[in-house]
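One chain, chain A, links the two complexes that follow: it is found with chain B in the first and with chain C in the second.
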Partner chain A sequence: MALGKQQAIEVGTTTSQRERRKQLVLLLSRVWAWVFLGILIVFFIVSVPIVSEGSVTFLTVRNSQNILVAITPVLLLGLGQTFVIIAGGIDLSVGWMMSLASVISALVIRETFNVGQPLLAAVIIGFVATVVGTGFVGFLNGTIIARLKVPAFIVTLGSSFIVRGVAFLLTDNTTVIGLPPGLRDYGNNALIYLIRGEGGGVYFLNSPDVTGDLLRNMDRVLPYPVVLTVIVVAIAMFLLKKTQFGRHTYAIGGNLEAALRAGIPVDRHIISLYMLSAVTAGIAGFLSTLRFTAGSAVIGDPLLLSSIAAVIIGGVSLFGGAGSVMGTVIGALLIAVLTTGLVMLNVLPFWQFIVVGVVVILAVLIDQARDLIIGRFESE
Partner chain B sequence: MITTTSQAEARQQKREPVLSIRQLVKRFGGLTAVNKVDMDVYPGEVVGLVGDNAAGKSTLIKCVSGVYHPEDGEIYFQGRRVNFARPIDARNAGIETIYQDLALAGNLNVSANIFMGREAKKRHLGGLIHTLDERYMLDESKQVLDTLEIRFPSYTEQIEKLSGGQRQAVAIARAVYWQARLMIMDEPTNNLGVVEQRKVLELIHKLKEQDVPVILISHTLPDVFAVTDRIVVLHRGRKVTEKSTSETDSQEIVQYMVGALDDSAEIRTA
Partner chain C sequence: MSRKLLLVVVSLVLVFGLLPVVSTGAQNDLPKIGFLPGVVDPFYQVMQLGVEASAAALGVEVVTQIPPTWGVEVQTPILDAMIARGDLDYLIIAPTDKDQMIGPLETALAAGIKVITVDTFLGDGDYVNGPVTFPISYIGSDNVEGGRISARGLAEAIGGEGKVYINSTNPNVSSVEGRAIGFNEVMANEYPDIEVIGLDFNLDSMDTATQQTAAVLQREPDLAGVFGTNVFSAQGAGTAVVNAGLGGEVQVVAYDATQFAIEMLRAGTVSLVLAQKPFDMGYLAVQFAVADAAGVTSLPKRVQTGFAIITIDNVDDPEIARFIYQVPGS
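Now for the complex of A and B:
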């Protein structure tokens, strides 16, 4: 049976015009969050000076840095969550996990420093302890989910209560204070210092010794927590898009049965996903300890829902199989820009919740509309 | 054992069977779904496995592919006695099964599916970091699809956007790429349009050209007659006949399927 090239099995034909329209819809559905973010920024740039009668503007170096600092915890919680949800799971424990991490890192740094270790060593040991501690809880989460087949929703809901209890027990329901004062620098120093106006300039790594107006005009560009978060984002992107680990994450979320039959070590993979999620939440807690020079058992809880909102706005499907790290970054940015902008407009802060809620639902509606439109093209 | 002309021919060619099933028994509680079935598959041969609903076709092939574990009997694959604990073991041995649900990930593209679980990687920094070798996987995928003369409008699109027949083609290409020694297809043309059904049948011919033997389970007798060399009929768990496709017709096969004819009964009474 020798088929010529012309008779080759033409599996499916598509007219180029229909294809182009389809691509357009796909493109729009992919970039709408960017476009929306752009519109928001322009809107705030225009409206903030009007409302505040000209003295305040939205687009300043300081404001942009504030936004970046504000999104780091939400983004970090969202990053691990992105992997977990792409694989078809959910991790409800990240909020309290961040709290636990904040407490652990504060206690470990304080005690290590108190026994006479240098500050840098205390910080490093605190970091390792945080990663190991949260990683262990993530390992338990993943093991119960993958091996004992308990739904992720239940397991991580339960473990979030447990983690919460442990965090409060460790702190005796107070904030962990008495941390070495130099810790502040780790959490608040920046890569670049920018001083505007006369006698100003650009300084790197070390805060210039200035006072008065110069100090008031100084902006910290790329504070260390932001730098660390950018590094984690880059690693997450690489992991998801370029490695076998990422490919298996998508495969498991796309068709669990197929992944199993293809010989992917599904159980082991799921366990490492919950460990990843716990550890990124742990890093968020660690950074909050550096930033506030204190450990707090309540710091993470309010961020859980924001982080899930960021993930969903970013286009990660709760059914698994779809999503990207960049999407989650945009989702987190969108929420932070909204929040900051509304505050500057002197709108009551509660409005931010309402707007974020609307955007979350909108995001999912846009995804559905896309599938509907594409489906219609295909059945034409 | 029922000896047919085609089996005799095959033996004359001194070709060892790829798969031999001997006296296989599989029970579910009190129900004997597969009852002392013998079956051979020779290299490059397409064998049709037919029978009424609940005849035991799926159960029989699931015993071969490691999904079920038979109570009794033996399975020989490429001359060796096998006893697959899990489906993945059968797959690693070279037995590919294409089920209706396909075992593909709809959110991944063609080459990601062909390489699923066995991704090609590039080494960086002296093996410290491994990244996916997308270029290689795409090139290899195109090559195997070319051999099978399958064309897609796009290789980078998620396969859930492809038609049922196209996905069937991806599954078959994957099996060919990973050098399946035996392909089992359980009603591969179910839920497909007429045109797509024909394409799948053409692909079965392609597999035959690649010397990959195929077991085809189907209720559509015209399809079975179009592509098979031999037809095995099951009835209530027993093999009631085995005919060379060229020496029978669908009327006769139907009579075996409904139990009106039964070679095994003749043998038992003889």
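Now for the complex of A and C:
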């Protein structure tokens, strides 16, 4: 009797210790990207002035804004992708989808403006056309994947070729130009303008009419593309965390059979996920049209791999069922901080590739190690 | 019935058998020319205009095939199909790879088609002493020379001193690599007061070009100029320059005078545009083919078509504006 009680107590202690260790591992695996990002930023804050002998600082308002602008396309491409991968799929068409969107929005904005509409109306109509156009392609992707049961990898690979062809056809392989000059402001102006130094100040919404040193010392804080991206990210976060839509996404990626048996409309849900992915990529293309005042059939393709890297660094499991929007934000931030920091350190450009590659593999390793450790805890 | 068939066959044989004899007899020195550029784009479209203008002037027939995308795998099947036609005497081609296209073009030569390369070349481009000598000529403006001209243009624009930066697309792509080599060479040899502070690869992404240039502007606040090795790199770099409030102060050079580049020039995003002369390349290539067919043996193995530098001051000058890559109807 006494002995049995003793045993029970021992087992109880070890279980709670194990539980604590398991929680620790879980916590570490969840925050490692944050920690890594923090270490990286500290590293650049320290190393950039050393390498430049004190003439350059990493931590500036301008640099923070440059990095925010740089992550917008990668983040938007990765945003819908986050949902798709959590649900156990993959969307390889996002890069070319961004290109198609860039072409569609440029053509629509130009033609709408040319028939005499005000610029703002042209921009809004261009945005709507982009969402509708890319949403339609996403609908086709999702329908073939969900209803005809063709693997997502194949469908989106195939549709990326089709999308590419359509974009080239629409443009005749030239850049879509002749856009209204004022468009540049939509893609490059900001909510807040900060002029440093003598005669400086803070301005809101409208770019102050300054020249020379004042213009050089002016930082654009929260450029419009960043603002729009923040809004889209906030919606995505809400969608994934707080709604039935999000819960269904996790359920489908976690266990498809169970999701089906639970009565989740799986097919319909998968279709809407690919539409979401296409539309966020479309918004990236729309923004690039505003930023560069041109539509290009090749603008998005080079960003595909970076965007998938961002999603994976952010801890989304390629096997589905796990991940978060915040993770993808951190992943995109990590890549942008790396690129900017390494350029500021003036190392050979090839290091940018190597470091990003190492971080991606590291992310997956940590992901797997977590699963392994948790699995060991549970099997014991 | 069978006699009728025989009659038809005999007459067909007669017609088709005699036709070539008749036609070669009539137009002894007018060859039929194939034109196979690298890819559908404004540069080659302007080259095609040159080819057609030249062909019209000389009264020769040209068969044009344009690959939808750049690459040996795309260009070779089209080349094979053109060889298989059997009626071409000359081929004007922009080889998409200096080594991999040697074999397919030797096949063309074996089929009796003489080769002229435009814009790009085979081997090392030296058809006299180089590893490849069979093409009649290489007509084009080479990228290294283009890099040199860009460097001189930029050096002049920044007053011969200061720091400059190169933003390029991908490593190991001969065209943009050559441009950077020529650029570095001139800056090192001719402008001791100019320092090339680095080169980044944007992997063909305008967004990345902007990010990299913005970071370089942070690192080197006194940067004087940027060389964008293609139009996209220049646009990405120029966007960063303008957003940093340095538009017009940091000079940006764009390689290739597409209409997009010219629009950027007018908007102040770039300050110098380097124009090649694709029209000249196409026009001369047809002239060379016809001359060779007529027995001219002193054709130069290498023709440098040169460049024009377009700035905001001369862009409206018709003498310069004609070098902008303009395709009617687009």
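Here, the second predicted complex is superposed on the first by the 363 of 380 C-alpha atoms of A that agree within 3 Å, B and C clash if a C-alpha of one lies under 4 Å from a C-alpha of the other, contacts with A are read in each partner's own complex, and residues count from 1 in each chain.
Note that in this section a residue touches a chain if its C-beta (ideal position, glycine included) is under 8 Å from a C-beta of that chain, and two chains touch if they have at least 3 such contacts.
Computed from a predicted model, the values in this text were never measured in an experiment.
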Margin query: Quick check for you: in the superposed arrangement, does A:Q244 touch first (chain B), second (chain C), both or neither?
Written below: first
Next item on the list: Could you look at A:S52 and tell me whether it touches chain B, chain C, both or neither (first, second, both, neither)?
Entry: second
Note to self: So in the superposed three-chain picture, is A:S160 touching just chain B, just chain C, both, or none of them (first/second/both/neither)?
What the structure shows: neither
Notebook entry, point to check: Touching A:S272, do we find chain B (first), chain C (second), both, or neither?
Noted result: neither
Item checked: Per-residue contact with chain A, leading partner among chain C and chain B -> C
Next item on the list: Considering only touches as defined above, state whether A:E19 meets chain B (first), chain C (second), both or neither.
Entry: first
Next item on the list: Please indicate which partner A:S105 is in contact with in the superposed arrangement: first for chain B, second for chain C, both, or neither.
Entry: neither
Next item on the list: Figure out whether A:T229 sits in contact with chain B (first) or chain C (second), or with both, or with neither.
Entry: neither
Next item on the list: Report for A:G254: first if it touches chain B alone, second if chain C alone, otherwise both or neither.
Entry: first
Item checked: On chain A, the residue positions that both chain B and chain C contact, one per complex -> none
Check: Can you list the chain C residues touching chain A in their complex?
Finding: 39-42, 68, 171, 197-208, 210-212, 214-216, 218-219, 221, 231-232, 235-236, 239-240, 242-246, 249, 258-260, 263, 267, 327, 330
Notebook entry, point to check: Which positions of chain B touch chain A when the two form their complex?
Noted result: 87-88, 91-92, 101-108, 112, 116-119, 121, 130-132, 148-153, 161-163, 165-166, 169, 199, 202-203, 205-206, 209
Note to self: Under the definition above, what is the set of chain A residues touching chain B in their complex?
What the structure shows: 1, 3, 5, 8-14, 19, 238, 242-244, 246-248, 250-251, 253-255, 257-264, 321-322, 374, 378
Check: What residues on chain A touch chain C, complex-wise?
Finding: 48, 52, 55-56, 60, 62-63, 66-67, 69-70, 73-74, 168, 172-175, 177-178, 181, 184, 188, 215-218, 220, 288, 291-294, 296, 298-299, 301-303, 336, 339-341, 343-344, 346, 349-350, 352
